[in-house]
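Both complexes below contain chain A, partnered by chain B and then by chain C.
On to the complex of A and B.
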């Protein structure tokens, strides 16, 4: 039974590595983006004139954002694109007539990408940051908590994507919806601007949304100096709650929507 | 023999928005509740036995794919009932899918960038095919087609023919009791068509798999099907053996010629010289078509009669098409 899933995962890794050039382009594009972040935030801190802004130094902001970008590139599954495309082209019929739950199928088929992306994007960035900053990233028990938190973050991200992908069943267009989703997730998850910079009111709203649990949670855990503290456990607990809520929501929404297609045709 | 598919009074209707023209119309459509009901399939009843190869024919938009989608459980019928292997497909889609195989000629279920063998391995796990059966199937496939050049080739680099062949092999891998082949020979050259027909025939014979074949190519039907079901505009027109159909239609062929000189003059003249031959002469654009019943009169005779008085610039010989068959059923009945 489990072999089903691991075989799908393996195929995903192979598929990803098949496109060698695209991996290179991704790495190069990343470098460019990181350079932009560097100069942008340097200008912000220079103009502020103080050592720290909102309790974060230039160095800690940069580490946060570089790792957030690496995390994004590693955890992004591009599920919405794929679901949208298969729905538009009608290929989804072929996926539906596999003797496998569609959601599980999608998760495992794309987890291969994530595994490959871990080695091609996150790990190199992580090593470089750890070497350059000489000890800004604590290397202790927090890494174990980080691993757990990342996996939960991936599941949450997948669920959000799956819900948005399901919306494509109704709209039959993908581009706009996907861009909107991406902007919302990146902003509210703290991947573009550290959450510490958000105004108080907005931060309270962000705390009620699941997006924080995708990138900000594992990142905070990774950068926490004191190993596994109560705060870390609390963050992970919140993530687990979001996993459960989103699992139920996405499955329910998919089930209802599927009835829609089987009645109205795809 | 048991029926593997039982369809009774099957109907599928869609509600379609009445669209209006222009920008104004498009904006109005956003809020419109003006639906009309379209019947994709209307009151179709059908029983299919284990091991049959059934040709499911009809023009584009006749409702063939809709029927197949209902049999696979992707669509729910509006009324009437379907039993596939004794199950209601849309209620038990996952279980049902374990015992059916599907090929859509224009889409591939294979993993695009991976070598074919990896797709096979994935399907082996997804369908839970045991290793013994898998090895047997691969060995059997090896006797039917030359697997060597395709097995380690990424699917996206394959020719259309190789891809279709691979898709068909993939859909039979888990030994389904029924396989739906939706226009499998579309866009293929003559040699590949013949390969694929041989393949389908061999698998059907060995595994006793029921095959439902939709196609526009009467050649496929001739080579494979004993029984034919024809639908048009969602309604069943014909369900009987192919021999019956052949007897009824005789051996019709259409001879098309392009001649030098004025076309309407030529049509008149040819009509006159062939008037005692029981053929139908018609024309479109610059082609003159002569519908010949080969049981009564040979095509070559007709051609030589035409050639006596006219210079033939170009000629074609056409099998009767499904569209012609349907037209004839409408005008003359079965």
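On to the complex of A and C.
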């Protein structure tokens, strides 16, 4: 029962390791990105003249953004691309006749990538940040809560992707749909600018959207000094609510949309 | 191969463009959604600056509208690469699957023919946001306007776009030598996102890298100084047009070098 899932997971890991050069280029690209945000925010805080702005110091902003980037690279599944492409080419029928629920199949097939990305992107970044900042990341019970929160974040992210991927059944504009999703998620999840800097009105909008439950929730938990507090539990509770809502929405939407499917030959 | 005149190439580009647009118009929904996606992306950059400057008044000596000026400038400068050289994204697939060989047998310039096949219309959305941002920042900064300034902006926009085209060309051409060159191209393309910051915020090493290795400082920072800091224009700014031509030419040679050694896949 479990074995079919772990097999898919293993295949994903092996596929990832096959492309070593691309991993190298990816890592180089990320280092460059991190250097750019380091210099940018250093210049910003130098010009501000004060130690902290909206409760964020240069150090906490940087830790937040670096880890947000690492989380993004680790949690991104590129589901929309894959769904869009298989829908366009008609290969989706092969996935639909598999003796496994399509959504579960997609989740487990891509979980291998995510697992590999955890070791290639998030873990090294986390270790470097923890060592360089010497104790800015509390290493206690918050790590357990963080692990739970990350898994919930992955599920939420997957569901958002799955819903957006389902839209590809209606339109064949994969690039456009995917880029819109990415822009909205990155901006409203706090991965581009920490949510603490958002003006009041925009904050209230962001609180109503599921996106902050993807990156901001696990990050806030990771950086909370007091271990598992009521705030942490509240954050996780909100994530669980989002998982339930999105799970229902995505399954319902998929079921309705499947009647729409048109496959170009085969 | 290169003995045909410019007029010939313009005429032929017009013909191919018309065909391409006709086929694109049959996917109208895709066209609209892609355009929206482009505008979304660029608008998000605008919003990011807006949020940033709600909390901070300046970055080094650069204030909000000056940063928007750089941003608008960079968006316009990357429009040509988006519109004209979009086929570079398919290059590695054409090369790997052997379709590339068909371009080698036409009696016109290979690079020209390959790139002319696709005109990316959604790049015009980027141009729209870019022009809006630039004009908005220009007015808010109260820079005034005369023929000389407009001419300068146009010349420097063109040279800025040459740098971006050069980087993307060179990155795309790596596919003639390495497999899975998507990540190289993707990296080169992402570098453009850093062009909107003044290069002075970076440390000396990165300033050098962003000026001479990956010349993104020439996409917005150096050329914008002509308008934003007219009393203090560095030599590198004036060198931008010839350097842009040089970089573009080198990338073209590199691209052709790869294309010339291409043997096809035998199928």
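Here is the rule we use: the second predicted complex is superposed on the first by the 261 of 266 C-alpha atoms of A that agree within 3 Å, B and C clash if a C-alpha of one lies under 4 Å from a C-alpha of the other, contacts with A are read in each partner's own complex, and residues count from 1 in each chain.
Here is the rule we use: a residue touches a chain if its C-beta (ideal position, glycine included) is under 8 Å from a C-beta of that chain, and two chains touch if they have at least 3 such contacts.
Note that this is a predicted model, so its numbers are computed, not measured.
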item	value
Touched partner set for A:59, first chain B, second chain C, both or neither	neither
Partner chain(s) touched by A:207 [first = chain B, second = chain C, both, neither]	neither
Touched partner set for A:193, first chain B, second chain C, both or neither	second
Greater residue coverage of chain A in the superposed arrangement, chain B or chain C	C
First, second, both or neither for A:36, with chain B first and chain C second	second
Chain B versus chain C as contact partner of A:100, first or second or both or neither	first
First, second, both or neither for A:231, with chain B first and chain C second	neither
Contacts on chain A seen with chain B and repeated with chain C across the two complexes	19
Contacting residues of chain C [partner chain A, same complex]	27, 29-30, 33-38, 40-41, 44, 47-48, 51-52, 54-60, 122, 178-180, 182-184, 186-187, 190-191, 194, 197, 201-203, 206
Chain A residues touching chain B - in the complex, by the definition given at the top	3-4, 7-8, 11, 14-15, 18-19, 89-91, 93-94, 96-101, 105, 259, 261-266
Chain B - residues contacting chain A, complex	14-15, 40, 66, 69, 72-76, 90, 93-95, 97-98, 100, 102, 104, 107, 109, 111-114, 118, 121-122, 125-128, 154
Residues of chain A that touch chain C when the two form their complex	19, 21-22, 25-26, 28-29, 32-33, 35-36, 39-40, 42-44, 46-48, 53-54, 171-173, 175-180, 183-184, 186-187, 192-193, 197-199, 202
